[in-house]
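One chain, subunit A, appears in both complexes that follow, with subunit B as partner in the first and subunit C in the second.
After this line comes the complex of A and B, so read on.
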């Protein structure tokens, strides 16, 4: 294999695919990136056997062929090279010579046959939607997924294509984030897919603001295709719980809050929470929301934010991280907080169909 | 009957929660719960699916606990189970409210029938070899005639050698063949329950629970060290059971006399019945264990690989199984049989650890020298007064038995010839048959060194 490739092309490609590579993979070849050169194109592929990413970049191909090279090392080298064309020349023994100007590197690769085959998809359903939309929906929800491995079914984000709607949901048992979007597709392609969190992170990296993404869902895997990239992931097997039961029917008070000022106030007050008392109290009073935190061995803090509220005073305690996360990931200026009483779940909503249910902590 | 008791607690608790929670929340999360049974201070509540369980445990457990405690006046443990309508006929449940007047306290405290035993830990699954046949035979005898064969039975041995397996096997055997009441607890659970009983002033229940069993299995008894009240309580429990000819089985990671901070009267009681040791399995046993595991899992690895595993992982059966699992998962991932090179590569961290744990000659020589109060140089010197010769020979004997090294290798460490080492081993072996002091010394050194490894 012999190619000449621009630094920017190879760098952007590697940056797209290297996230999948585990630091300590089970097989040595999994720390490598598969390079396949053919007719002015270079395919770069990485996998951890669960998630695989393929990226296509332009290259001048002198001699077609393929090899695998250590992904992180290659990325490190390319990143430091001057902005020029890079020559990559690989011999039969998978020794790659990378030269650029007067810089010369020789790195040892592994044969491409050792690289696990990436399964294609058969059957299943296909959906096409705007990259921007999917990115936005995932961004607003994925952080709520559980990291508790005993609840493996919650260790991912649900994409539910049902009733001409795409619903994206993640929950960890204390909070739940949900985003919805109208989407046209035939009734028979209705399907649920639970995407592991690692794959979601990679998808977010891959999606841009322009163009469309094709989503294929089969029984046990899903594929996401954009212009020059394909991501394939195994699905988390099982039935996602009935998340609708978590969403309260209606709340007594709906309070409009400025997102940015609530977030910054929370950030400041949360500085005075400690491991022992990791909660902030939100006291809703007349036209004023008071945020306070105190821990016996640290001190206390409080700050007020102006709100439109006229009901009875109530105090609810939340985990500050859990309430800040949706605020960070939303873009609207104004959001709505819906409350009922101190033991009922709180709900955060925005103009677009987005719901975040958060269980209060008990005030002792 | 059992469901009734649960109902009598749950109904009023529900009323309590209803007042506390918003109707929407109540309908959504509390109303759907079905009380299942009340046993041993544990209230089991049934819900439809995992997610209910997750959400309730995360968010409403403290509330429910408080509500239940308020209505019945004692702290019950709340456990959620998935799947409803599996226990008790619906008719019995419906008629439950009629019995509300029955006090909760009177609920029949049944023996721990829900003994949590690992179904895999049976005698059939236990591979017997030279290192453990004594312990196995003793356990089997106890299982066949609990309370009469050896009482108490005290099993000790290093980690991952099968103590818990043997103990649970006794439990399984007895459970299958009689309707004896069995209680299997780790000493940690025992301690926790004891503390709880102090908190809630429910000593009587605690005592009744443990003193009414026919077979008491206590795992990891060495955790009792330093807990004086606990030891006293256990002492009385022990006596009560022993006097009633009930079987007691205990496991520990070291012999009773070496458990520090254990009262003398307990030590003597532990040594009363049969004390049996589990030793590290020999190569043949390890291979047999691997073969058995492989058969169970429907796996196939070549004999060469199994031999390699058994040869290189010697200290611990758990680690052996872990290595086997790693290799088989690799096979299923890459869809081709594992080669020896693959195996070495996959298991390199385990193997490194094994190697590190292996004893060095220096350790053995130093420990022996310390034991006999000799200088280190004496151990390798050419001088031959009896006071030095004997310990030196013991050290050689230990090196021969505790390391896989060859005679010439050992000889090199002592600056002698291999014939000297061989001679030393024979002498020590022979003398041990007659000299009880030497026997004690050697077995003590064995123990000390095994702990180091």
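After this line comes the complex of A and C, so read on.
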């Protein structure tokens, strides 16, 4: 295999695919990126056997062929090379010579036949939507997924294609984030897919603000296709809990608040939480929300934010991280907080179809 | 600003008190006819089990603790074998620990019959460590009706412990307070007196002709590193010169909870092994909850009829005190082993302990309804605690599981 490729092309391709590569993979070849050169194109592929990413970049192909090279090492080299054309010349023993100007590298690869085959998908449902829309929905929800491996069913984000809607949900049992969007598809295409968090991270990296993405869902796999990239992932198998049941039908009080000022005030007050006392107290009063934190062995902090509210005063305690995360991932200027009492779930909403349900902390 | 010189650590006076052949001595105390005779507390000589303690009369026959009872029976056919009566020993121990507290609040019990005391702060009119040690021995003898203790007096825990062991029984050994005196005191002692020198290191040192602490004292640091590694060498060098800064800790936090059961006869019935394992799990779980702790690592120990022993462990996230979670982990570990040999002993333990935070000012994060799996945990936790309370009130056997079930239930 012999190619000449622009630094920018190879760098952007490697940056797209290297995230999948595990630091200590089970098979040595999984540290490598599969390179396949043919007809002015170079395919780059990585996999951890769960998630696979393929990316296509332009290249001048002198001699078609394929090999696998250590992905992180190759990325490190390419990143440091000057902005010029890079020559990659691989012999039949998979030794690759990378040269650029007077810089010369020889790195040792493994045969492309050692690389696991990436399964294609057959059957299932296919949906087409705007990349911008899917990216936005994932961005607003994926952080709420559980990282507790004993709750594997929650270690991912649910994409539920039902009733001419796409509903994206993530939860860890303490809070739940949900985004919804109308989407037309035939009834027989209805399907649920739980996408592992690692794949969601890579999908977010892959999606741009323009163009469409094709989503294929089969029984145990999902594929995400954009112009020059394909990501396939195994699904988390099992039935996602009935999330609709934990969303309060209605709350007693609805409070409008400016997102940015709530977020910055929370950030500051949260500095005075500690391991022993990890909650912040939110006291909703007339037109004023007081946020306070105190730890017996650290000290205390409080700050007020203007709100639109006229109901009775109430105080609720929350884990500050859990309120800040949705605020960071929303773009709206104004959001709504819905509350009932200090032991009932609080709800954060924005004017787009987004719901975040958060359980309070019980403080003595 | 505080004067730095005034912050220098004052010289301490530490006592290590070790009761002489405690269990056996209590038995001789309660049964006067056994006095002066070889009393062996532990399993009977015709059964499986070991010697817990034996009287000094029995030690003359070569019997020692942890020896299999069968072997003890052969060495000392006239031995009086007595099953342990832990409640009685605990009762006597409470009297002794009470005496310690008359001298200092800084008491670190190591077991029922052994403790460190920091008497540095004792009033001057008590006359220092030696006088206190003498008075302490007198009070123990008086109030228990004749039990003796051996006491070591030194500037730190390590030296005090070494000293108490030198003149047993009824000993009182004082380690000199100056540096040269300490070095001379340690020099003739065998290397195994040092913490960190086990059988393996002892053997390796012995092959190099090194048998006493004195020989270690003069070894260059680089040579020590060859034997003990970088961190170990520093530790050994400090101990060789009698340096040990560890404070007397009045409340020791457990690092793990565990329990094990030896079958009367090797058990080939895996259902029974699982039952006994479950009993161990429930006992450990109860202790965890009583201590307000959670564990993040679970281990099981299996010893086979041929004494081959395996331990297997697994991490649990998040840390738990739930019987169900502990049981599932224990059973998973056991079922992975594919055991087809009779089992002699089964054990279970939990480590990686943290405070569960109950009752602390920590807020409790509420969960999103019972629908999600975490909701089940709260019901499970409530069940565990209800069972604990019933067992505390009505006894351990008041409530038992109807049927032990597999984790796949």
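Rule of thumb we're sticking to: the second predicted complex is superposed on the first by the 364 of 364 C-alpha atoms of A that agree within 3 Å, B and C clash if a C-alpha of one lies under 4 Å from a C-alpha of the other, contacts with A are read in each partner's own complex, and residues count from 1 in each chain.
In this section, a residue touches a chain if its C-beta (ideal position, glycine included) is under 8 Å from a C-beta of that chain, and two chains touch if they have at least 3 such contacts.
These figures come from a predicted structure and were not determined experimentally.
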Return fit or clash for subunit B versus subunit C, each positioned on subunit A through the superposition. clash
Have a look at where A:296 lands relative to subunit B and subunit C in the superposition and call it first, second, both or neither. second
Touching partner for A:151 - first (subunit B), second (subunit C), both, neither: both
Which of the two partners, first being subunit B and second being subunit C, lies in contact with A:102: first, second, both, or neither? neither
If you stack the two complexes on chain A, which partner ends up touching A:310: first (subunit B), second (subunit C), both, or neither? neither
First (subunit B), second (subunit C), both or neither: which does A:340 touch? first
In the superposition, subunit B vs subunit C on subunit A residues touched: C
Does subunit B (first) or subunit C (second) touch A:49, or do both, or does neither? first
State whether A:122 touches subunit B only (first), subunit C only (second), both chains, or neither. neither
Taking the superposition on A as described, I'd like to know which of subunit B and subunit C A:26 touches: first, second, both or neither. first
Look at A:357 in the shared chain and tell me whether it touches subunit B only, subunit C only, both, or neither; answer first, second, both or neither. second
With subunit B in view, single out which of the stretches 5-13, 131-139, 167-175 or 365-373 of subunit C clashes with it after superposition. 365-373
Can you list the residues of subunit A that touch subunit B in one structure and subunit C in the other? 151, 153-154, 173-174, 241-243, 245-246, 343, 345, 359, 362
For the complex, give me every residue of subunit A touching subunit B. 26-28, 49, 116, 151, 153-154, 173-174, 241-243, 245-246, 248-250, 340-341, 343-345, 359, 362
State the interface residues of subunit A toward subunit C in the complex, per the touch definition above. 148-151, 153-154, 171, 173-176, 241-243, 245-246, 276-279, 296, 317, 319, 343, 345, 357, 359-364
Could you pull out which subunit B residues touch subunit A in their complex? 20-22, 24-25, 28, 49-51, 54-55, 57-59, 62-63, 330, 333-334, 345-346
Could you list, by residue number, the parts of subunit C that touch subunit A in their complex? 316-318, 360-369, 371-375
